[in-house]
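Take this structure, written in structure tokens, and hold onto it; I'll ask about it next.
Naming follows writing order (A, B, C and D), and every chain is counted from residue 1.
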Amino acid sequence: MFTPHTEKERAEMLKTIGVDKIEDLFTDVPEKVRFPKLDLPEALSEMEALQQVRELASANESAQDLACFLGAGAYHHYTPAAVDNLLRRGEFYTAYTPYQPEVSQGTLQAIFEFQSLIAGLTGMEVTNASHYDGATAVAEAGIMAFHHFRGKRTKFIASPALNPQYRDVLCTYVCGMGGAQVITPNLESPLSDPADLLSLVDDQTALVVVQYPDFFGRIFDYSAIAEKVHEAGALLAVAVNPLSLGLLKPPGEFGADIVIGEGQSLGLPLSYGGPYLGLFSTRKELVRKVAGRLVGETEDKNGNRGYVLTLTAREQHIRREKATSNICTNQGLMALAAAIYLSLLGKNGLRKVAELCYHKAHYAAKKINQIKGFKVLVDSPFFNEFIVETPIPVDELNLYLLDQGILGGYDLKKAYPNMKNAMLVAVTEMNSRGEIDLLCDVLREVSHA
Amino acid sequence: MREPTIYEMSSPGRQGVRYPDPDVPTTPLPEGLVRETLPLPELSELDVVRHYTNISKKNYSIDSGFYPLGSCTMKYNPKVNEEAARLPGFAFTHPLQPTETIQGNLALMFELQQWLAEISGFDAISLQPAAGAQGEFSGVMTIRAYHLHRGDSQRKKMLIPDSAHGTNPATASMCGFETVAIPTDEKGNVDLAALKAACDDTLAGIMLTNPNTLGLFEQGIIEAIEIVHQAGGLVYGDGANLNALLGIARPGDLGIDVMHFNLHKTFSTPHGGGGPGSGPIGVKQHLAPFIPGPVVTVVEEGSQDVPPLFGFTMPEHSIGRVKSFFGNFAMMVRAYVYISMHGPDGLRTISENAVLNANYVRALVNGVYHVPYDRICMHEFVAEGHWNEAPEVSALDIAKRLIDYNFHPPTNYFPLIVHEALMIEPTETESKQTLDRFADALLKIAEEAKNEPALLKDAPHNTPVGRLNEVKAAKDLILCSCDLPYG
Amino acid sequence: MFTPHTEKERAEMLKTIGVDKIEDLFTDVPEKVRFPKLDLPEALSEMEALQQVRELASANESAQDLACFLGAGAYHHYTPAAVDNLLRRGEFYTAYTPYQPEVSQGTLQAIFEFQSLIAGLTGMEVTNASHYDGATAVAEAGIMAFHHFRGKRTKFIASPALNPQYRDVLCTYVCGMGGAQVITPNLESPLSDPADLLSLVDDQTALVVVQYPDFFGRIFDYSAIAEKVHEAGALLAVAVNPLSLGLLKPPGEFGADIVIGEGQSLGLPLSYGGPYLGLFSTRKELVRKVAGRLVGETEDKNGNRGYVLTLTAREQHIRREKATSNICTNQGLMALAAAIYLSLLGKNGLRKVAELCYHKAHYAAKKINQIKGFKVLVDSPFFNEFIVETPIPVDELNLYLLDQGILGGYDLKKAYPNMKNAMLVAVTEMNSRGEIDLLCDVLREVSHA
Amino acid sequence: MREPTIYEMSSPGRQGVRYPDPDVPTTPLPEGLVRETLPLPELSELDVVRHYTNISKKNYSIDSGFYPLGSCTMKYNPKVNEEAARLPGFAFTHPLQPTETIQGNLALMFELQQWLAEISGFDAISLQPAAGAQGEFSGVMTIRAYHLHRGDSQRKKMLIPDSAHGTNPATASMCGFETVAIPTDEKGNVDLAALKAACDDTLAGIMLTNPNTLGLFEQGIIEAIEIVHQAGGLVYGDGANLNALLGIARPGDLGIDVMHFNLHKTFSTPHGGGGPGSGPIGVKQHLAPFIPGPVVTVVEEGSQDVPPLFGFTMPEHSIGRVKSFFGNFAMMVRAYVYISMHGPDGLRTISENAVLNANYVRALVNGVYHVPYDRICMHEFVAEGHWNEAPEVSALDIAKRLIDYNFHPPTNYFPLIVHEALMIEPTETESKQTLDRFADALLKIAEEAKNEPALLKDAPHNTPVGRLNEVKAAKDLILCSCDLPYG
């Protein structure tokens, strides 16, 4: 078991402490609430507890059993076996935040490399050690922008094609900031031209948030938008799917001030939505406004290279109420996973996976578009996701697909009530041509039914 | 050994993991949108495995030694949890799957909600927050939403004892509150007189850490809570120290209105070198409509033969989402298994032994180390790392010298109210033998401090690097490998 | 991939070697056979290769899906998660045999502890670092006995209740030893009294091999047999299921000279028969005759305790043709697994598991015996296996059980043609009462059909 | 740090992994058959995890560094193999399950048999042997059975070149053969004249290692095999060095009659600190009836829609079983995945690069180290670890000094025909960068040997223990913890 003491040891220890019995350690606890009887199931042994969760797990259907075309912010990619193999090293996962650098160089070097990899991928200068997920990274971008303008600019403009959950979380966080508000135009027609956002940008605007590829999978060059946003003195944040950056021009080249993103696509299992990985990159001049941890390279007294947490004076345990973020525990192990994933795939591998996603998605889109009653809505380049207009409501269609072993796309009306009969289909390297063809076969059946 | 970075190891053209060629006709790439360079390293699988294996060895970890880091609850993380969280039926489920296909996950979350409520004495649980700090944020936002919903928009003042956790002031301020510090009395409790004086109709609430960061149970907690409640304020409980209270006292029973849990402390999910955590919150009934959502509920009652159908519900006046999806699910699986393996008696044993271990170490070193608030502590205690006889030696030196004895240092310089603080939390999973060796080391170091202070000042001696130049790090600000084009 | 060189690097290296092209390195290979075209499937990527074996694995039915009552030398036990977690450490599984002790203390200490644990369990003085499995350990006992008597005693008597595969392997190995023969009496009535063996023991007898619990699950005290065997100047080897020794008197207390066994029950997965773990323990006076590796405790020049391979002069790479065994690679990682397993369970845990097996098996036997047409053959104490006489042939019965999700017992006629309609049923801690009751329900149905 | 043994850590009454109480009525334990004491340690799960984690760190391993151990093929073991072997559909299958329930395993084994046959040029494969030495035993027993079956019982003589692997003589003698050593000629090949002279009608065969243990391809191999065949002998090929020949030359095409494979060398299954291995054998058609069994065969042919039904068959005149069940199945899974990921071209690339790497290191150190048979080598080469200018320095000292440079030593004192041998096998998975660093270290050590020999004699300097007293170990013979009652 996990509490090692024998009765004899407990007795010896109590004696050393100078009390008679264990209960004597708890006399500060008000008697009327002391030692409550907890109404919980009796303890299981390890083999029983594992059996119990095994039964729960097998009550699910998973993307391993089904052909998965569901994305909308979380993707079923292949994770090379070496990733988890390394994550399982107790040295990594049972360590704490590297506050003692002399005995934490493993974690620190890994984060430093993570920062470097993500900076390279996004085309930015500075990356922090992670946020909880893509949504909270967006929120932190908002908070950063708010404080960058010392609270004087209060308008946050979120693209209607920003992942709706990112917008929700941004709203939750912005609530606490005096007078700030999140504006999302065109929610009823979210496929509108991203340049439409610009009409809202003014000298009250702190931040404009767009997504790349956007929630609907579309890819836009945001250079012109960046220019206009900067003209208004505001900041531009671009939320990315980092895997797509294996292929696509990085937002750093568009003039993004902040690049945030959901790192799950970089080797993390779907895991029912978490733990995921919030990416946060920015320009060097904004580094002191960045929340979360930063690892910097330095030297010890013998000139050996080493790594430390740096600029810690920004953090909440030192700045206390003046801190702009309270983040403390982050997603360190997930950042490590992403670093290992990117190291394993490297330059060629990431490009290859991104291209596989691209080609397979385009193959699927073309085939689906040929099916009577289905129409692919594409008026711009897309990466690995696209919208399909369906002849019947998406939830009905998805039940039908499920019967055939297919996890269908995201029902857009859940987030955009106007978008009825619109399914967001995601395709990754995990979808074989056979799976795509099967999907089309089943859609064809629906079309004929 | 100095380990190169992955960039230094990179060789142009080297291939890591291979992927298949497309099995579909290809489509021209989008013009003008394709990147020209991709500054990623090029390594073989062996390069990568060896690199991360070797740097991992430079870490101290629970699996390799005693980690008495105060306030962090570095207990042993049972290995079965790792198996459980990796079961394909969990690991490969997509958060947007139809709820009918995911009843195993929902049942687990529902039961975990129930269990956490029972353990803590709360009425409703939101599993969504990703970490303790986000739990705090969610809890304090819940308090804010409660007051606003009642039209009490003037309640802007959040009290924070100076023995509270470090994140508390930042959290309060993120939620738009003004913070007022409440001092600690000579016994290590919140000063009730000061507390009373700070209460008025602008009071939003108080953020209490109990046991507080001195490791002490607030002796006046019930009175303190009554004072706040009488002023119309709510009590936020920082649950980071819950490992002292399992089966000992339920925060809800003490009168606390809302609290976060750290599944990665109390319920043994691994700390991961900094995360992920999981920071659910529990609230009393009056706050239930405000918590982050969605939460798991029974959508259709079950019967003897048919299990209930679970689904998601958004609390009526929810503060909204605090993150995507439903929280750090894989951490919930681990906590679920952990609670299952303990049951009511096992949970109490955890806290009993956590408290026993802290008091045992305290008893062994007390006197040689000054323990400023000297009474029975809970799961941790705070000593001073300083002696007049060894003026140049600081808590930091003691911490670093412990590394030479193969122990992880305790938390130091926290809480701020103790001079040269050493905050020691042994946790319940450590054996008497380990505690004895640790106390021995502390006592030897106390000797060394007086007789051979250089041993401490130069420590640690056998680590991959010595003490690092933090000033240089902040000045040079090298945050990325210099081998990168953007750097 | 696994070959890291780029074309450029290969060219540089060839230049250093002083040849033009890679083919120049192979001119010693006769031209007519050089560079054959291999008719093999084209290379798969990791994700495809894993998918391929996943499909093969899912074409099996496993003891995880079925209620398993099959034993007969391999058992479905629970392995605590910590065992595999530690085995996955690259430091253990990607190391070689610890020939360089200064950089192999991990493996060496683990084997030393394994030797200690097995010695404690069997009640013997010396244990080696493992053989391939239980069967080859029996063969090595035979070889050792042969050489112990300098080839002058050539008779090897194997109990008919010794696992038939152990006997087969003993026979295969004994073939190579001049004039030696394996005798198994009473194969037509293998349930006979083990004392019947003694009539064969004479001054030509090198070794008598019995099993404990025997192949049919029965437990006998072999003290009297040991005495008689020793009187004839021969050696007694006892093949054990080490898990049963959590409960049962160890063979060391019976006067066994050699204790061998199949270590699979100590935390190793069924894994379709391998890798398993051959245990080999003996008395100290025979240590120099033991095959395989031995780890001994010693000191370095500073007096630090350390471990080395010892008595290596016995081994084949030094003694060459005079060596009595050629074993080189053994089952090191499996020995480590068993050491971790025994450390985790400890004194109380192993006893508990052994008792669970015992009680559940007895519960099952009692219930089955009450079913019309089924009869449990027990005339002596048994551990966790017992014979059931079945009303229909066992292979037919097993097909019926399989339909109900039950992996039935071993069909004894496969090894003992006389034993028709006799099923060897194994019960472990993995069989819940519910599973046992289900088995009985199905048997009852058969009985009524 | 000295790590205590598990016995020294034990505390009476401490509990490790917990098990449930019986859910059935209990039965009295068998009288007189229950043991009184069970001398096992008593530890918590944390004790055990920390202990084995900490001792693991005292190991060198492929995952942590370069392991150029000649004759052992310490190549990288792909991590996906570990996942594959642990798939529950494999790991939880019982070897006595009805074959209908286990077609996945049988299909894998059947295909692996086919692949190994194709790679090596043999006609039949037995997967049963558990390791190389058992493969050797099986192969030589097969030769024996062949001769006996033909009535050639006088064929008792087995020729073994002095450049053969260490296990060969012991194996031959276990099979009842008398061994005759054949010398090596000045070019490092089997001396054909001596071979011819040793052939007569008592010849059973020859055990050839090719490439031989000098790392050299036998230049007269076809002639040597013809000589043996003409005398009625058979040729056993030791397959331990097959990593040099994948897609380069098939042993069967060279005329070899029987050979073993080391899946744990050539096909990357991990060495496990000493095992498990897997040592299948391949034979030409005339030996197929004699190999160990059972082997996997097609019992019912499949069609386009229906896969074939696989089952087991015992070869007609099989030497019998050499172990329980069917071999080390989990190792076969790994080898299967490995071959799948390489395909025909990938396999050739393995051997090309293994040979390239060995020649590269040879070229870098040749001259400074004397390479006695100096020609293009295959996957390994043998140098002398000795200089007249440094008379007191031995190969062992060089080996130990390499540890200080963070490299695993090469094999030393083998083969016996090279004075102070250092046998270096880099394998194909190592990068040029690593080889360069290794060669640098060797060159530096050669300097040190002449200038500072004490550096070598005292090496290694930074290991958990220094050179150990092997004489004491053999004299005291402490093979068990002294804390045991039987010890």
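To be clear about the criterion, contacts are C-beta pairs under 8 Å (C-beta built on N, C-alpha and C of every residue); 3 or more make two chains touch, one makes a residue touch a chain.
In UniProt terms the chains read A, C = Probable glycine dehydrogenase (decarboxylating) subunit 1; B, D = Probable glycine dehydrogenase (decarboxylating) subunit 2.
Predicted model, so just to flag it, every value in this text is computed and none were measured.
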Pair joined by the larger number of C-beta contacts - A-B, B-C: A-B
Over-half contact-pair match to C-D, picked out of the listed pairs B-C, A-B or A-D: A-B
Inter-centroid spacing, chain B versus chain A (mean Cα positions, whole Å): 20
Averaged-CA centre spacing for the pair chain C and chain A, given as whole angstrom: 48
Rounded Å distance between chain A and chain D, as computed from the means of their C-alpha atoms: 45
Where chain D touches two or more other chains at once, by residue number: 11, 14-20, 43-47, 49, 53, 57, 62-64, 76, 78-80, 82-83, 341, 429-432
Per-residue overlap in chain A, given as positions that touch at least 2 other chains: 1-5, 9, 43-48, 50, 78, 80-82, 84-85, 88-90, 429
Chain contact graph, described as a line, ring, star, complete graph or other shape: complete
Residue numbers on chain B that touch chain D, as the complex places them: 1, 9, 11, 14, 18, 44-47, 49-50, 53-54, 57, 62-65, 76, 78-79, 341, 406, 429-433
Parts of chain A lying in touch with chain C, wherever the complex brings them together: 46-47, 50, 78, 80-81, 85, 88-90, 429-430
Residues of chain A touching chain D in the complex: 1-9, 43-48, 80-82, 84-85, 90
Interfacial residue positions of chain B with respect to chain C in the complex: 11-20, 43-47, 49, 53, 78-80, 82-83
